[in-house]
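Lettered A, B, C and D in written order, each chain numbered from 1.
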Amino acid sequence: MEYVIIGNSVACLGAIEALRSKDKDSPIKVVSDEPYPAYSRPAIAHYLAGDISEKDMLCKGEEFYKKMNVETIFGRKAIRLDTKNKIVTLNNKGKLHYDKVLIATGGTPFIPPLKGTGKAHILTFTTWDDAKKVKDNLDGVKKAVVIGGGLIGLCAAEALERLGVAVIIVELADRILSPALDEKASKILEERLKEEGIKIITQDTVTTITGSKSSKACKAKVKSVTLKSGKKISCDMVIIAIGVKPNMELVKGTDIKSDRGILVDDTMQTNVKDIYAAGDVTQSYDFLYGTSRVTPIWPRAYMQGSIAGLNMAGERQRYPGSFDMNSLVFYDMPIMSAGLHTPREEGFEILTKWEPEEKLYRKLVLKDGFLKGFIIVGKIEDAGVLTGLIKEKINVENFKENLMEEDFGLASFPKELRDKKLKES
Amino acid sequence: MAKVKSYIPSDFNIERDPDKCIACQVCVRQCSYEAHIYDTEEDAVNADESKCIGCQRCTVFCPTEALTVGPTSNPNQKANVHWTEKEIKRVLKQAETGGVLLTGMGTDKPYPIYWDHMVLNASQVTNPSIDPLREPMELRTYLGRKPDMLQFKFKDDGPSLETILAPQLKLETPILFSAISYGAVSYNVCESMAKASKAAGTFWNTGEGGLHKNLYQYGNNTIVQVASGRFGVDKSYLDVAAALEIKIGQGAKPGIGGHLPGEKVTEAISQTRMIPVGTDAISPAPHHDIYSIEDLSQLIYALKEATNYTKPVCVKIAAVHNSAAIASGIVRAGADIIAIDGIRGGTGAAPTVIRDNVGIPIELALAAVDQRLRDEGIRNQASIIAAGGFRNSADVVKAIALGADAVYIATAALVAIGCTVCQKCYTGKCPWGITTQHPQLIKRINPDIATERLTNLLRGWSLEIKEMLGGMGINAIESLRGNRLHLRGIGLTDTELDILGILPAGR
Amino acid sequence: MRLKSFEKDISGCSLTGFIHQDGRRVTGEDIMKSIACMHDRSNGLGGGFAAYGIYPDFKDHYALHLLYDSMKSKEETEHYLNQNFLIDMEEKIPTRKTPAIKNPPILWRYFLNPKRETREEAGLSDDDFVVNAVMKINSEMDGAFVMSSGKNMGAFKAVGFPEEVGEFYRLEEYKAWTWIAHGRFPTNTPGWWGGAHPFTLLDRAIVHNGEISSYGINKRYLEMFGYKCTLMTDTEVMAYLFDLLLRRHKLSIPLACKILAAPFWTDIERMEPREQELMRVLRIVYGSGLANGPFAILLGHSNGLVGLNDRVKLRPLVVARKNETVYMSSEESGIREICPELDEVWAPKAGEPVIAELKNKNI
Amino acid sequence: MKKVYSKEEFCIGCHLCEIHCLVQHSKSKDIIKAFKKEFPRALKRVHVKEKGHLTFAVQCRHCSDAPCVAACLTGAMSKDERGAVIHDPDKCIGCFTCIMVCPFGAIQPDKRTKRIVAKCDLCPGEETPVCVVHCPNRALVYEERKEK
């Protein structure tokens, strides 16, 4: 049995660990266009801000692959997938045979139609290299425009601001971090960011980037951006951080079915036998929505990776489905949101509480006695207990009144439920 | 009306070593009297000494030993041998409350402790002492009515017993846990005594609090009490027990009834006592169906009938002036065991004036009762359990030499599981989780630990008793029982020696 | 118990005895030899003998051996006796002058039976009547002491070494099927004649070597049944315990022995159910009768001889048999001295009574 | 594997487990220094939960399929050879994703820095975790149980 994994992020790690837990010696090859062992993408902003060292960026360290007896082919891109003959072709013409292959190519940054790109200091913010580029080009940068008020946009913004760069965020939507947050939470966060001096422009977007003349000596430098609204903002760096979309180049022209992401069944197998997919590249089951969605979140990717790995190794293991959840911390303000925190349909019971002076926000969404989603700003210590209630589909009817307590946790459970959790864990 | 300004100085000083205190607030959480207060701004712990009862919970639990709690260092200057600080405080207290002063545990008045005026004998030369580590040493004791003689039929295949022996309690060590009611103490304490009794092969006593259904499994090691309030008494209660005890009196409060305040009567307690939740449980001073010895006899036989003569019936009285005559009457009334509780016996709550002034020491009562029953030739007909402030194994040995079959311990048992004899049981806020029903405080007794501590105590005392027996050249407890020749008195008057039936040391 | 002072007679001792189970009667020479050979186990402060079958002509009479300090006490006692008994014969107990035995008291023996009417008034059996008389004389009659009170038997005791005592009483002139003897080693006040062993009540005579640590409770126990322990000796207590158990409670000798030397609970638990229950009840009821502490005793009675050790055997006792004769002694030497060739010799186990009886009980 | 379990019926809410946990994870391992001399103060990894009369200590359950390990964005959470879930503060970026997915609320943020989390490591090197050793009422036990 030969395994090939395309992509080397968290889904890949999950797959390797799962495969090796069942199959100690079949060869595993990992192909990645990035030169590094798996690192923490979500941490690139912290890397930029200097919170975390190079070595600590690595999820498992160099030795992991050796320990797991995995052959790594880093810095090479898989460009073709021959599903008939089970061959993966690399950009160096190299060919890899597989019996089972996992596509974990993640997402690629979404670049909006822009005039005046191709100048220096116009950077995306998805990979470690992106972050490094930003770092290397920082000197002399006073003011940066961040396109996109999503998660990565805000992370980049905070990092830059902490590095002493004036930051303007430009967000197309009417608020930042939609859909991860509801309006209220967005507002609270927006306030907080503004306190720190970050400017936020919503319902607008950059159309043109203007800059200095380019010469042989050096590329043109960014001078300013012009917004759809006509507003012009001078700046000397532009970060494009709108978000990512599933990276599906490899399946183009194959018989592998995809929609907005690669479609997989509950074993993470695509419609083509022996071809699996996991992570941000997939479009998979969300049990709260009851449909398949693209949910580019890290924990989900790991889980899918390991489910895929187990099934590839012949162990039947169903993917229970996941749901959206986010833990955000900006300027020491923790925010968590999970599941259906802002349902559009009827029939949901919504409990909210807002304490302005402490900046405490708590919002729970229930349906038929079950917790479906929540948003918490401030006291997040026991939020995991709520996540558990959603994940384990526990009926909360008879202790609903406790749910809104800031310190709601196991202590607020009915005894039998608490015992079940604590004594049997 | 404005609150009366209290003139009562604090009883205790709380010293906190600032170099050691880490403000972890363990003391704050442990003190059920709120004598320790955490100051959030200062992140420091302060004390309100006026609230301290000196129970030492905080000093024991302080992880850095930063605390010392001792008697207040500025004792009332006015105090003298007659007007002691204690007496002055009592007057002040009553001046401020206008009520009866309550207290807990046994009297702390310095009445003579006769145990400490008796010494034991040991073998030298003419007969060998016995080493309990090498030779068998028997503590097994049977409590119950014994016939004066046994009758046998002598057949070819050997003698066969004609006499039918009255029901007996079999003890592996001559120590039982004395009556402490569920209500006065928490369920966990009861469970611990029950488990320890089972482990040690002895008995515990429900007191007048009834028996919680969960503890029925320990029935074979349980003596159930029938007291003037008749709380928790029904058929199953009598049936499950190993023996029954009619409580006439208690050493700490002879002639006084009991009173469990309503706030202590929780759901579980109301179930067990068979009274409504939250109602005061008041046991009358006398049994209102016992106004005479013949009435007692009727109750004794009523209980024997109810249990088909399968269980010994014990009658417990407080040691008072004419205990001997009373005891003789009780034996003739049909009791199989008499328990005599001396003036130093404990209580969960009693008027201080009663506790400190009514009754007589167990040593004298025991000696008098044993001798009286022998003089009347009825000593076999009932076993004697002595109670009231037994502190150690030597007290036990001396009591048995004076004539007791076994002893009841209660205060010692509670001390074993944490009690510091602070005498505040009646407040229901016992910081050691013993005399309380407070849901937060009762958790402080973990029956696993308490059972272990109680079993250890019984084991330790039993080993010491064996050592003392061996020294006297005796290898069975029955040869010590009533064997007053192994006692000698020190510093006692002729009259005291006479009552105790012992010789002065040197004779 | 109202003790003014207490000086219990503590003593070590030698003891020996034998029984001819065929009823053959022999003179006192053997027994004297036997006890003499254990001379150094006694210290000259007391010796004594009991003999069974010595008064065939008066075998239906109670034979009372008395010692008197003075004529006055003799008159007083005889006055009492005459009131209550029919005395068919009385005489001085024959003795011989020996240097060793100094100022002997007046020694007198009576062959008598209770007066029917007085006894019936008292509503007592003959035995009880006699026991009461013995108690009365020993406790109330100043200077009078009953050495023995059984039928067809007698006790002979004095202060001195046993062999001297035997010589003094001319024991070679008596013939008995059971002889027991005792040499005393008191560790306190010089013994007095009454304090010497054997201790007797009715036909039971006990010689004893040991010290009973349970004396205090044994005594109080007996007092509950009306016994007066005036002599402050363990042996007296032993004698009364046997009297209580055998005569008044009608227990068998084996049962009585199991009370004095009770088996341990652990041993009882190993017995088969019926015996187990029997021993359990025996201990529960007669706990105060347990003789706790070192002892070896010989109990003589009309029909036999019993040897018993305490429950952990802290004192010596050797038993031997030759044909129809059973010997019991502190030391084997005491037996070999009078019967060098033995069929068997053994040391009885702790608390295991050795019971030898006459083949023909009505000689 | 052996884990620490809490018996709430005997937890007296003294918080000694937390105190000794903190000391165990301090530099000096000396209770007085740990509290009075070491700044920032070491972090406790056991947490006494309280509600009315109910108190009990919760620490990491070291789940076999630990969601925090799966969810950790940086690999700061991992399983060691004992099967215990351990946390590498250097890798931790304080995103609190672990907190978000821990169904026990056993992981808590550092109240002061509001970033790094601290969690139970079962006291490596100790035969029994110190919280269990120092619990005065045996409300904490260290034992093997079947996982449901």
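What we mean here is this: a contact is a pair of C-beta atoms (placed from the backbone, for glycine too) under 8 Å apart; a residue touches a chain by one contact, two chains touch by 3 or more.
These numbers come from a predicted model, not from an experiment.
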Longest centre-to-centre distance from chain D, chain (CA-based)
C
Going by C-alpha centres, which chain is most central here?
B
Can you work out the whole-Å distance between the CA centroids of chain C and chain D?
81
Whole-Å separation of chain centres (CA-atom averages), chain B against chain C
48
Mean-CA-position distance for chain D and chain B (Å)
44
Can you give the whole-Å distance between the Cα centres of chain A and chain C?
107
Where chain A touches two or more other chains, by residue
none
Give every residue of chain B touching chain C within the complex, in rising order.
123, 126-128, 130, 135-136, 138, 140, 142, 146-152, 154, 158-161, 163, 165, 168, 371, 374, 377, 379-380, 472-476, 478-486, 498, 501-503, 507
Show which residues of chain D lie in contact with chain B when the two form their complex.
9-16, 19-20, 31-32, 35-36, 53, 134, 136-139
Flag every residue of chain D that touches chain A in the complex, lowest number first.
3, 5-6, 8, 49-51, 54-56, 58, 61, 63, 67, 70-71, 73-75, 88, 90-91, 93-105, 107-109, 114-115, 145-148
Listed in rising order, chain B residues that touch chain D in their complex are 19-20, 22-26, 29-30, 61, 63-64, 433, 439-440, 443-444, 446, 448-449
Can you list the chain A residues touching chain D in their complex?
14, 40-43, 46, 51-53, 56-60, 298-299, 302-303, 306, 325, 327-329, 332, 334, 336, 338, 380-385, 387-388, 391-392, 407, 409-412, 418, 420-425
